[in-house]
Amino acid sequence: MNITLAQAESVITAAKQKATEINTKMNIAVVDAGSNLVAFVHMDGGWIGSVDISIKKAKTAAWFQMDTKALTPLVGPGQPLFNIEHSNGGLITFPGGVILKDESGEIIGAIGVSGSTVDDDHEVAEAGASAVK
Amino acid sequence: MNITLAQAESVITAAKQKATEINTKMNIAVVDAGSNLVAFVHMDGGWIGSVDISIKKAKTAAWFQMDTKALTPLVGPGQPLFNIEHSNGGLITFPGGVILKDESGEIIGAIGVSGSTVDDDHEVAEAGASAVK
Amino acid sequence: MNITLAQAESVITAAKQKATEINTKMNIAVVDAGSNLVAFVHMDGGWIGSVDISIKKAKTAAWFQMDTKALTPLVGPGQPLFNIEHSNGGLITFPGGVILKDESGEIIGAIGVSGSTVDDDHEVAEAGASAVK
Amino acid sequence: MNITLAQAESVITAAKQKATEINTKMNIAVVDAGSNLVAFVHMDGGWIGSVDISIKKAKTAAWFQMDTKALTPLVGPGQPLFNIEHSNGGLITFPGGVILKDESGEIIGAIGVSGSTVDDDHEVAEAGASAVK
């Protein structure tokens, strides 16, 4: 099962609402389980460098079927996946990419958020993900 | 002036409605006047190869301040801009990219549509563009 | 508001003057607020590897609306944005990229300087930026 | 011998003057004999898609030590260099790239111009080139 556009739009709406609540200007991307882009929004005044980062966070989460923050401890110097970011045309391995699961727990895609601190980014991504649980 | 997210969302809503009316499954991208992505949707079941094409159509229109169909007659063999597609990381020069102008006639961005025939793609892009005129 | 070419040329003139004063041979790039290149010079005998670095520094500053030296402490091993450089086709996150603001404080673009130590690079970039304040 | 920055600036000044005379908004790039960027300007309101095209025209001319319009008849279907544009990260083989020679006739670099018709582009490039002859 892949995420539908209607589901992706509900994810983006929930993420935008949280971004506004915490006073941030986010880029928000949703990809399907195959890592293909389904929906994207850039909030007015947000960093344009984060367009690409939000998409790469979503793709990274979908590619490895885990939140990007689960990769963070594995990619530092001396860690098992050091410099994995060189694969797939560029990964982003810090927080802000979150797996999307439906009610049955099946992975249907991923959301990537970028535009503030990584903690804010992750919080907004979680808010988006909760819309399809 | 750059397009706002609210404007981009109205463009996408109008384009989606037209796509549904003519029974197509489109990828629809909106970029600002500087060619940065503002909003995107992939309609359920649409070609995933058209994700990139819709974005490149929008960027091509914004980069050259004209609809992509204005470029089409100029890029064939023996024509003045033959193989211009090798620039900017890849252009798309067939119909489906349309300039977005506001009420005052100023360029505020562009829409790119891909997923059906190029005539359908252009028609849906025009429907989107009419939302901000 | 985006920087004009006349403004960009005054930025480059000021930066070149500072580079000469401190006996360096710089590459100096100016981009607009949307990160598109507006003006560039390579001083005679400067490092040609720094052509690309100066452009990437300017783009990085514009993309994230901050000087590149503000990113430096955030991108090391164990820091929140480790390996962010893999986004956007390559970032440069050490000093030498500086935001350009007009008299009213609005961001109108960015300057990137590369060709000496990062401290020299930043000093020359600041000298350029002061031309449009 | 490579072009100096002072020479490149005189080339750009002459090209800008011609561009203004014929009422165009050009992107103008100068590279040295080794195809490295020496100077660049984007005239206000010019196509941003032509930033890359002007640089690629200059590099193409420098790489092959000939004006890009000399390549044009060789790259069409059935011609000897068909699809040569796939090399070197992307060539531009239509008019607007012109070799720069000094008074002794030695090649010292190339100029690339993009932003109008290819005839206008070539005319402006020739005007620039005449500044160092």
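As written, the chains take the letters A, B, C and D, and residue 1 is the first residue of each chain.
Convention: a contact is a pair of C-beta atoms (placed from the backbone, for glycine too) under 8 Å apart; a residue touches a chain by one contact, two chains touch by 3 or more.
Nothing here was measured: the structure is a model prediction, and the numbers come from that model.
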{"item": "A-B or A-C - the one linked by more C-beta pairs in contact", "value": "A-C"}
{"item": "Chain centre separation (chain A, chain D; CA means) in Å", "value": "42"}
{"item": "Distance between the centres, which are taken as Cα means, of chain C and chain A, whole angstrom", "value": "29"}
{"item": "Inter-centroid spacing, chain B versus chain A (mean Cα positions, whole Å)", "value": "25"}
{"item": "Multi-partner residues of chain D (at least 2 other chains)", "value": "48"}
{"item": "Graph class of chain-chain contacts, one of line, ring, star, complete, other", "value": "other"}
{"item": "Chain pairs that touch, as defined at the top of this document", "value": "A-B, A-C, B-C, B-D, C-D"}
{"item": "List of chain D residues in touch with chain B within their complex", "value": "47-50, 52-53, 56, 72, 75-77, 83, 85-86, 90-95, 117-118"}
{"item": "Residue numbers on chain B that touch chain C, as the complex places them", "value": "2, 32-36"}
{"item": "Of chain A, residues touching chain B in the complex", "value": "4-5, 8-9, 34, 36-44, 48, 51"}
{"item": "Complex interface listing, chain B residues touching chain D", "value": "34-35, 60, 62-65, 77-78, 80-84, 86-89, 91"}
